[in-house]
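What follows is subunit A paired twice: with subunit B in the first complex and subunit C in the second.
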Partner chain A sequence: MTFEHVLGLTVSGLTVGMIYALIALGYTMVYGVLQLINFAHGEVFTVGGYIAATTLIYSGVDASTPLMAKIGYFALALIISIVLTSFLGWLIERIAYRPLRKQSRITALLSAIGMSIVLQNLLVIIFGPEPVIMPTAIVPTGFVEVMGVRIRYLQIIIIGTSLLLMGILAWIVKGTRMGKAMRATSQDMEAAEMMGIETNLTISFTFIVGSALASIGGFLVAMYYGSLQYDTGFLYGLKAFTAAVLGGIGNIYGAVVGSLILGLAENWGVGLSLGLLAWLFVFGLVIGLYIQVVRAPGQRVGHIADEFRTPEYERLVRRQYQFTPVVAVKTLLSERTDALVHLSAKHAMRLMAGNIMLAAFAIVFFMNSEVQFASKWQHVISFGVLMAILMFRPSGILGDNIQEKV
Partner chain B sequence: MWQGNTRKILALVLALSLAISMFGLVGCGDDDADSEETDSTGTESTMETIKIGVHTSLTGGLADYGFAAAEGLKLAAEDFSGFEIDGVTYEIELIIKDDKGEPAESPVVAQQLVDEGVVAVIGALTSGNTNAAAPIYQTAGIPLVSGSATRPDLTELGFENFFRTCLRDDLQGQAIGEWAIELGSEKVVVMDDRGDYSVALGDEVIKALEAGGAEVLRQEGQEGDVDFSAQVNNIKAFAPDAVIFTGYHREAGLLFKQLTEAGVEAQFMGGDGIKSNDIGDEAGGAANVEGTLSTFGGFAQENMPGYTAFADAFMEATGKDAGPYAENNYDALGAVVAAMELAGSTDGADIISSLSEINYDGVQGALTFDSMGDVAVPGGGGTELIPRFEYKSGVWEFMN
Partner chain C sequence: MAVRERIGNMFRRAPRWTFIVTALALALIFPLLEQYGIIETLWLRLGTRTLVYVLLAVGLNLVLGETGLLHLGYVAFFAVGAYTTAILSSPRLGYHWNFWVIIALAMFLSMLFGFLIGMPTLRLRGDYLAIVTLAFGEITRMTFNNWEPVTNGPGGIPGIYPPNLFGWVVDKPGEFFYLLLAAVIVVVWLLNNLKASRIGRAWNALREDEIASHHSGVRPMQAKLLAVVLSSGVAGLAGAIFAYYQQFINPTYFLFMQSTIVVCMVVLGGMGSIPGAIMGAVVLDTTPELIRQTFTKWLPNAVGQDFLPGFQTALQQDFDRYRMLIFGIAIVLMVIFRPEGLLPNKLWRRQSHTEDPREQANTRQHLFDVEEGTQDLEA
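== the complex of A and B ==
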């Protein structure tokens, strides 16, 4: 296991993660505003890539085209793709979701799945089942060599573009009137309407921005992999959606964090030897211990009403979280039925179980440090990681701790 | 009240149209029933149309293989139409169905062909799809002859109705492995796509490589995946002399492209699944896969006596070069017709029992089946039968 190998995996993981993030942002924005999972978003992404690639094919760009003209064609393809794809996003909302907005969520969800299937089939009907091939002349082929790892300019472009777009999006949401309207609509649509916000316009805008991001994602993917097939968006959409849930759906930063974790999990999971993967568990254990010994007891103590707050009581609650299962069990079995102490003991046991599990995994992995997961485990591992994280944090890494019925 | 009623009516109309469209889809093609005509002169000479099913993949990742198979079969249908059994002249009508290259779709297509009342089926295109469809044809007692399903154990699974006119992958896998050793490879990566065909071929390649003393790293992808970055990084760290991908050309193109871009300098190789000229486009430019080597699951062209004439006919009919396995599919239909003539019957069970006894002279030469349903190669046959190809500026060139 060389450093080169680890760095190579990390760079590809970040690139893939950034692409997921561009799509995941669309899912999470729509969910934030409408509490709707827009399953057609993966297809919107594919359409964006198809339009860009088709424009470039028709432009006839080839190796002999001068650089300035190439840049011009590139910009043209990008603009056409963004405009048409945004229009598609607006159209989807207008015909598939708006008429159903007053209906139950499951109705809109079914409509979304139907829209996804319709779009996928339309792609086959219009462009045929063969993959659309990106003209190679437009793709930058250069690379820099960093410590034995080839980092392609395109990878740098992908990561840079994604970061830039995320910055712009964050500014739109935080710093503009439209962003304020989006946030208000997501909090309470009726109240926002009463305050004079045009919620329909705001929702359309959300779809347009999400689709524009997806179209850029589709373009980047078509350039990175050289081709795009009508069903590529399905898998990407699924992964990006998972990433959005992992980061806490509805949270824009969460979507980015979740996507990066997913991208890295896919690469590290089957690329690193168990000895290195064990360090991730050690890292998790450090966080887990911090939560168990410092954060969780602090929160519990904060819950004690002032009239009961005695140093003795606080000590009792804190003791439940010490790293001794014996204490927790003792309290559970003891005569004392004080609700807070009882609850603390249960909570402490859960955290302890999690930490013990992490430690056990770390030990087992360290003991087999030379072994590596076979690459057929790729999807199992990455989705296993997601399930494990969601088990301990059901609302996602950066999600609000609100129970919701979906 | 008014609104409620309109809505109900509207919903009903929509539901009805949905139901009708479903029936329309399922039932399409049912309208052409068997035509039986008697000569106007009133003699005993009669004409009958016989339905042969073609179970192939015309869309999806292997559309080019499916096209070659279907066109090869159309040529065969023209050539073999008009054979006589007991004074009845038979015209062949092909019922061509597309399983989109998806194993999950394959049983559906099989059932449709069974419902059409075909007497025999040529297909399926891939080993996975053949494996998924064979039980349905077996239950219906319909002979299934594939021209391209190469997975070794397909003929060992107890389907007495299954025959194939291509070679087996244990031979092909051995040939790829030996070829890599011949090229002086000491460290070799074998990667599959976890499909029926791919895993079995990969296993056979590894056997040959290990017998030749090479160090092997096994990697797995997933059919339909576009990103192989984790595998590419692992392969780069292993620093192999050769990378052998045993799946199909779309994933192969993407993998070889990503390997080239990561700076892996190894000999790229693969089996019959990558021998499509599309691989250059799929790899983002033919330069990324220049010099890639592949083998094939049929005989070398120079060893097939009828190949030149067949390729000319194919070119005349379609304007394209004969694609992969076109000749094997042609011979599959030829074998079925030969079996019908030998049995003197168009009954499925009779065709199955006489298929193993035919001695049919086709594009590939004299063709007989062994007791398992594989092509019986005179003298046993070794890896020298397997043809070798190299990808040069956009086309696969025959080497040997």
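== the complex of A and C ==
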């Protein structure tokens, strides 16, 4: 368990995380605009990879092709893939989501699932169940060595491309008229329509941009792993969705942050021994306790109106909001029986349960510090992250508190 | 048009018991047809599988149809039931427990899982709940896939002993058909009674408007949890019998696809209607096979063997793909053009076939009728 090992895992975690981010951006943009989980997005990603790989196979690129021609083929495959996949994204929105926009959200979700099934099976019927193999000649094989870690050129390309695309996306959303329309539509569709924004066009545009990003992601994945199978998109889609939720769905920066965290978590989770992983839990516990004992009560104290501010009252408020089991039990047993007291006590109990769980994980991991998860548990880790984040903080890291929309 | 209307009226006016008796009679005769060689064993096997799907669809209907919670990990409870049976009644670990004990344990374990997963997640909104349950389903399958000391991983558990019901050893497809039929009848009877009871109306009210029903005295958390736990129990039962019938299980029986198939069945049949769920399961499970037999056997036999040979081989090779393709298209078309399903429940029917907004409001109002003497709900 050397430093190089950890660094190597970090680089591959960042690479995978960047790819997740490309897909997660599509999820989060569509969710931001329509409050719809675009379930077929994972399949759009696969289609993008398939189209690019098929174009390259038909171009007949091999080891003897000169470098400039290779780059030309590469660009051609990329452009064809982006155009066709964007069209597919637009088509999906037109067929499966637009007729249902006024219906309940569960209906739209069902339609999305149906669409995902259709796409996945069409893919098999057209291309066959075998994975499509990327021509190896197009994939750069070199690497640079930094601090004893081999970083492949491909990894650098993936991270660079992703960063570039995210920059472009940030410019579109923040700097162009269309981006302004997107933000307006996501805030309030009706009001945006009244202000003269073509919401239908804006939504179509969102789907097109999301699909284009996903198709590039599919291409990069196909290059990174050498092949792509028809059901790859389901797993990647779900993981990217996890990342989007982790960062706070609807928030573009959240999608990127969540993806990087998820990529790192996956790679560290199966690459490191439990003894090292336990430190992550300790770290989480320390941060959690800091927030619960120092920061949150401090904020409450800050809210006290000036005319009531006395040291005694400050101490009282601090005590009231310090989430400790003693306070919780005392509150539950106190003579005040109003709902507020009970809610805060319940909240305190829930937080303590979380702390105890973290501590228990850390202790168990320390006790088996030599054990290492087999790589087959990798997917279980990311699904576990998904469930945990949805249970304990559905708003994600950077998201606003999600309001129930009635 | 007139003929169609007349037939429709005939069906609508016929008393309900005629349908039930007819369906039961057909189901009871069905295995006998195989015994006397009228139909092939293939069809009996298909019928038995259909009954498993009927159980699952009826169970999921409780959550998806009655309570309006989109549950995408339903197959996980099915898997828990099946693996409980496989572990406790096979040479794998050397156990051979009694049938009734295993059925009870399978149902209890899947209900426990349903409770544990429902407790923290049912606070979430519709689409988030869908994703959490999906993740749960996948985690369950992967755990069974990776937990090799007990479940033998992807290899699966072979050689499950046939069940012994007080001396009656069930080991033929026809006998399993009757066993499953009995399970379906019991489950449908229980769920139908529950549906008509107070908790059933609480479920429907939650589906229509959670906040309004909360304010009318329904406890959302409890009611939802009960629905999820009961439906998990049904899935566990189905899983246990399925494992006995199949005599071999491995994780590929419990893919996410299975969950979506059951969701398709409930949506196709009509959410919130038990006859609809049954009908959806029967239609969706038998139609693809009928299509395959038509194009690869019956039509070639009637018209000549060279009837669309390319299509025949395609159907044979990629049958599962075409089946899922049909399911996907069906679900999209259904939610767009006929969201109430093939056999909608009464409320849906009234709502979707009246243009009068007052009438629609009345049907909503009807949900919140409170029986006399039951107002003190929040004790």
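Keep in mind that, in the parts below, the second predicted complex is superposed on the first by the 316 of 406 C-alpha atoms of A that agree within 3 Å, B and C clash if a C-alpha of one lies under 4 Å from a C-alpha of the other, contacts with A are read in each partner's own complex, and residues count from 1 in each chain.
Operating definition for what follows: contacts are C-beta pairs under 8 Å (C-beta built on N, C-alpha and C of every residue); 3 or more make two chains touch, one makes a residue touch a chain.
Everything numeric here is computed off the predicted structure, so don't read it as measured data.
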| item | value |
| --- | --- |
| First, second, both or neither for A:124, with subunit B first and subunit C second | both |
| Partner chain(s) touched by A:232 [first = subunit B, second = subunit C, both, neither] | first |
| First (subunit B), second (subunit C), both or neither touched by A:12 | first |
| Contacts of A:353 with subunit B and subunit C, given as first, second, both or neither | neither |
| Partner chain in contact with A:364 - subunit B first, subunit C second, else both or neither | neither |
| First, second, both or neither for A:294, with subunit B first and subunit C second | neither |
| Which superposed partner A:106 touches (first subunit B, second subunit C, both, neither) | second |
| Subunit B/subunit C common contact set on subunit A | 124, 374, 376, 379 |
| In the complex with subunit C, residue positions of subunit A that touch it | 36-37, 95-96, 99-100, 103-107, 109-111, 113-118, 120-122, 124-125, 234, 238, 241-242, 245, 374, 376-377, 379-380, 383-384, 386-387, 390-392, 394, 402, 404, 406 |
| Subunit A to subunit B touching residues, read off their complex | 1-2, 4-5, 8-9, 12-13, 15-16, 124, 129-131, 133-134, 136, 139, 141, 143, 150, 152, 221, 225-227, 229, 231-232, 235, 266-267, 269-271, 372, 374-376, 378-379 |
| List of subunit C residues in touch with subunit A within their complex | 68, 70, 72, 120-121, 124-128, 130-132, 134-136, 138-139, 142-143, 145-146, 211, 256-257, 260, 263-264, 267, 314, 318, 321-322, 324-325, 327-332, 335-336, 339 |
| Of subunit B, residues touching subunit A in the complex | 59-61, 63, 100, 194, 218-222, 224-227, 229-234, 236-237, 250, 253-254, 257, 261-263, 278, 281-285 |
